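Each of the next two complexes has subunit A plus one other chain: subunit B in the first, subunit C in the second.
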Partner chain A sequence: MNEMELLTWARGPGLNIAIGLFILGMLWRLVEIYTLGRKKDLAPARNAPGASGWHTVVRRSMPPHGMLKRSPISYIGGYIFHIGLFIVVFLFAPHIKLVDSLLGLSWPGLPSQVIDAVTVVTLATMLLVLFDRINNPVKRYLSTVGDYAAWMLTFLPLLTGFLAVKHLLLPYTTMLALHILSVELLLVALPFTKLIHVFTLFASRWYNGDISGKRGVPV
Partner chain B sequence: MSASLQKGINALKEVIDAPVASFFASCVHCGLCAEACLFYTETGDPKYTPIHKLEPLKRVYQQEYTLLGRLAKMTGLAKPVTDDELEAWSELVYDSCTMCGRCSMVCPVGNDLTYMIRKLREGMAVSGHAPEGIVNATKRTVELGGPMGLKWPAVQNVIKHVEADSGHKVPVDQAGAEYMVLLSSMEIVNYPEYIGALARIFNKAGITWTLSSEAFEATNAGIQIGNSDLAREIVSRIVNAAEKLGVKKVLSPECGHAYMAIRWEGPNLVGRPFKFEVVHVLELLDELRAKGVLKMKDKLKTPVTLHDPCQIVRRGGVLNAPEALLKEVVVEFRPMTDHGKMNWCCGGGGGASAIHEPAAEELRFTAFKRKKAQIEETGVNTMVTFCANCRITLEESIDHFEMNTQLLGLTELLAEHLED
Partner chain C sequence: MDKEETLLDHMEREGMSRRTFLKYCASLASLMALPPSAAAAMAEALGKAKRPSVIWLPFQECTGCTESITRSHTPSVEGMIFDMISLDYQETLMAAAGHQAEEALHNAMKDNFGKYVLIVDGSVATGLDGAYSCIAGRSNLDLLKEAAKGAAAIVALGSCAAFGGIPKANPNPTGAVAVSDIIKDKPIVNISGCPPIPVVITGVLAHYLTFGTLPELDGLGRPKAFYGETIHDRCYRRPFYDQGKFAKTFDDEGARKGWCLFELGCKGPVTYNACATTKWNDSTSFPIESGHGCIGCSEPDFWDAGGFYKALSTPANPLKYVGAAAAIGVAAGAAVSVANRASKNAAKAAHEKTQLTDLEK
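Let's turn to the complex of A and B:
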């Protein structure tokens, strides 16, 4: 298989397989998690303004009082690389074209120079948070192979995408094929790693806000 | 596998629900929960990271309820939860967790870690890995009626003294009263002034009330140890007594977990809503304040700060009454930097204060350094609180560090300054 055939496979059958596995994996996990259900709370609820699951879904995106100072790298690094990933994944013109070809949905993108800059910042921030994971005693203590694998699964598509666009290191065709393959790996692994938080965090925040909300505490 | 371990794992399997599964799935090991936990911030030891304390529950969840975990278990690749591990975890689940709920306030993916600790304790308790101090307190509550082994004749004795000192009658077993008042043993023994204070306030407001000779104890060690069967038995006494007397409301005292037990866990433990309303004493007092019934003759001159008990405020939802009431009775109130629902725990909640092993006591004093710094920052020598257990824990620590801090109970303080 030469690089062109590899790219063709990655773009065609590879992508279909990856998306298929991703959808099946996600469905499986979501069913596995949420069909466990929960018991009805029989204590009469106390209502208070701002105390509900939905409030917490939104509110928990901001650092609670005093926390930014206690862990600036987690918050600032976290914001930068999450927003950076969002911009690169959803506002890069070729990505929008791909979604358009698959789903017929389209929206305006950002100029490629902006995407380049965001990518560099995001890559650098991801290296910083990796360093923090190794350096911070709590993060190091909690970290397992899964944490480093999840980092790598996220970092590789970003890196290969940047190298492909910039025609660096390997021929464009090869690098683009590697980029697509790394995304496919990410898709297949996502439901079974901590990366699933992309979806479950909304439900988790909602449950937390709901549990406290019934007691009249906005959290 | 020992029979008790099997029981413990079964208990864990039973309490795992969709929120638990969602929380474990969402955790990204960011470690921010550690920054909210006084056992981590004051020791710097990463083993006190809240999510790490949940490791046994997480593995039972994975091995029982996830495809990959079940495959790993079948092929022998999964690490099973053992008795030795649970024994080692006792320190993390009880000594160094007061279920204060601060970690649940900060987790960026929204995990309610305290909700999970409460559930993990179910497995710890039935597998025999709860600390002796809490086991004994629970035993005394089930067998004798209260965690301190206090029986009704002793309470009657205290009532006699209170009636003589306060000049107010303390009604007992009066059917049809509006309120049935619950107490905590700690109050009866150490702060009987609380009962006199209540008698004064009820009389002033013209509200009928009663104690029950069958259920005077509000505390529920079953909740602290994490055994729902025992917790149900203890809470049922109150429910039966209140429904027998036909009271409209049951008044929960200045005790954190007692409020949690009767107000929030109670109906879920007995499996049905109560036929009465549960009211925290501060909610009642705040209602009287708003009505203008609770008028003060004078105010405390010395500046004060306030320690918010976690189970009443952050986990209990009595958010606004404490400060509103305090401001009625003091000239100057200096709140701590982190107060209200973001307060820091006294270090002895969730049953921790019942553990008397030297290492656990030492850890409590270390954790108290957070509160100590908070008190010192306010620059006052008087601290008001409204939980008998906080009060005992704080007093022990204040003595230990030879601090010059005076502690006052909020209800008592209000009663002392109440208009005649």
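Let's turn to the complex of A and C:
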């Protein structure tokens, strides 16, 4: 298999399979999670439900008092690489073109140079966050194989994408194929790893805030 | 033409000055990224070169490669060089036909055994023992094996000979393969393209005449000097790509302003060829300059590479399995959910209330 065949496979059957498995896995997990059910709450609500759930969605993104100083890399690094990922994934012109071809939706992108800079910052931040995870005894103790796998699955598409655009290490064709393959790996793994937080994060925050509000601890 | 006449003699006789010839050698050397001294060596070697025997076998092809070399640069030094090789067999160009032609072929192979250059254009049919394409009652497969035996080097001219090309396109009814799939024991240079650029063909021949070897090749057996960079990297529209300015249709404002054709399916980023630098039709332009994206014709299996008008970053048909996947996903989720509820109910049923008396035991 030459590099063009690899790319054609990655863009064709490979992507079909990956998107199929992604949809399959996501629906499986979401149906499973949302049909778990909760016992009927027989106690009367102490507070009117209000917006406690929505407040929690926002509040949990803010570092609790003093934590920013104690764990700056987690908070600042976390912010930088999440925002960086958002920019690179959703505002890079070829990516927008991809969404356009899939769903018919499109929006303006950013110039390549801006994307390049954001990618470098994001890559560096992700490396720093990994280093911190390994270096900090508590974080190291709490980390599992899943955590490192999730890091790798996120890091690889970013790295291969950058190398492809910049024509580094391998010919563009090969690198583009590796980039698409790494994204496919991410798609397949996403529903079954902690990366599913992309879809469950805000729902679970809202639920926690809402139930706390009802129990008399509104935020 | 006298076989002993050198290229320089011939050119002088044809009214071409030595200066023009030297200029041609210099441009050829620089085009192939050879050191400046190579121009002189090339001029000297080419000037003294005796016409090497060249046998050109056409297989499953459209003669576009021949058209490319004979028509687009006439009259030119490239054309002169073709006068200077002893093209002993070329069906399209030779006057002989039938048995005469076959005789010319066999004489050339016998007289120059081990020394001739074999040019092949077109892919080799292997289906039905090669019966899909025959010349003088013999299959291409047979002819190639026979002619390759005495060849000093083989030039696979065009994407069909180099990679199988359009005959090999899915579903490949004739079992077409590239020359390099059949011949394993001879130096082969792939000059891909549909058709290949004339100066690339003559560049490789000049290199062979000068140094007696084939030029440095890339991973796909193509001369690095011409296939070292992508069309995209050398494209004059590249700045628009970097600025994110794309033509969305072939007749919109962007297309008129000459913006990047990436979104219209240009395969420039994954196509290695020299079109953007050497250009076509006496350096007039190349496809992108005429407003059409590169179709990637110098790459293997370009015909089946996901559509000419689909942007490289967009997949061919990615939502193919989505319906089935969604159904299976919901079913799996529901099944797991039912299982979860069953185990919850089982736990509930098995639950025994603890009485005060139990604690006192």
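By definition in this document, the second predicted complex is superposed on the first by the 212 of 219 C-alpha atoms of A that agree within 3 Å, B and C clash if a C-alpha of one lies under 4 Å from a C-alpha of the other, contacts with A are read in each partner's own complex, and residues count from 1 in each chain.
Note that in this section a residue touches a chain if its C-beta (ideal position, glycine included) is under 8 Å from a C-beta of that chain, and two chains touch if they have at least 3 such contacts.
Everything numeric here is computed off the predicted structure, so don't read it as measured data.
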item	value
Which superposed partner A:12 touches (first subunit B, second subunit C, both, neither)	second
Partner chain in contact with A:207 - subunit B first, subunit C second, else both or neither	first
Which of subunit B and subunit C A:176 touches, first, second, both or neither	second
Touched partner set for A:192, first subunit B, second subunit C, both or neither	first
Subunit B versus subunit C as contact partner of A:113, first or second or both or neither	second
Touching partner for A:36 - first (subunit B), second (subunit C), both, neither	both
Contacts of A:28 with subunit B and subunit C, given as first, second, both or neither	both
Between subunit B and subunit C, more extensive residue contact with subunit A	B
Partner chain(s) touched by A:102 [first = subunit B, second = subunit C, both, neither]	second
Overlapping contact positions on subunit A, where the subunit C interface meets the subunit B interface	28-29, 32, 35-37
In the complex, subunit B residues that touch subunit A	16-23, 25-32, 34-36, 40, 44, 46-47, 49, 51-52, 65-68, 104-112, 115, 263-268, 271-273, 277, 314-317, 319, 337-338, 341-342
Residues of subunit A touching subunit B in the complex	28-29, 32-39, 41-44, 46, 48, 56-57, 60-61, 63-67, 70-71, 74, 78, 136-144, 147, 150, 192, 194, 196-197, 200-201, 203-209, 211-212, 215-219
Sites on subunit A touched by subunit C in the complex	2, 4-5, 7-8, 11-12, 15-17, 19-32, 35-37, 93-95, 97-98, 100-102, 109-113, 167, 172-173, 176
Sites on subunit C touched by subunit A in the complex	220, 230, 232-233, 241-244, 246, 262-263, 269-270, 296, 299-302, 304-306, 310-322, 324-326, 328-330, 332-334, 336-337, 340-341
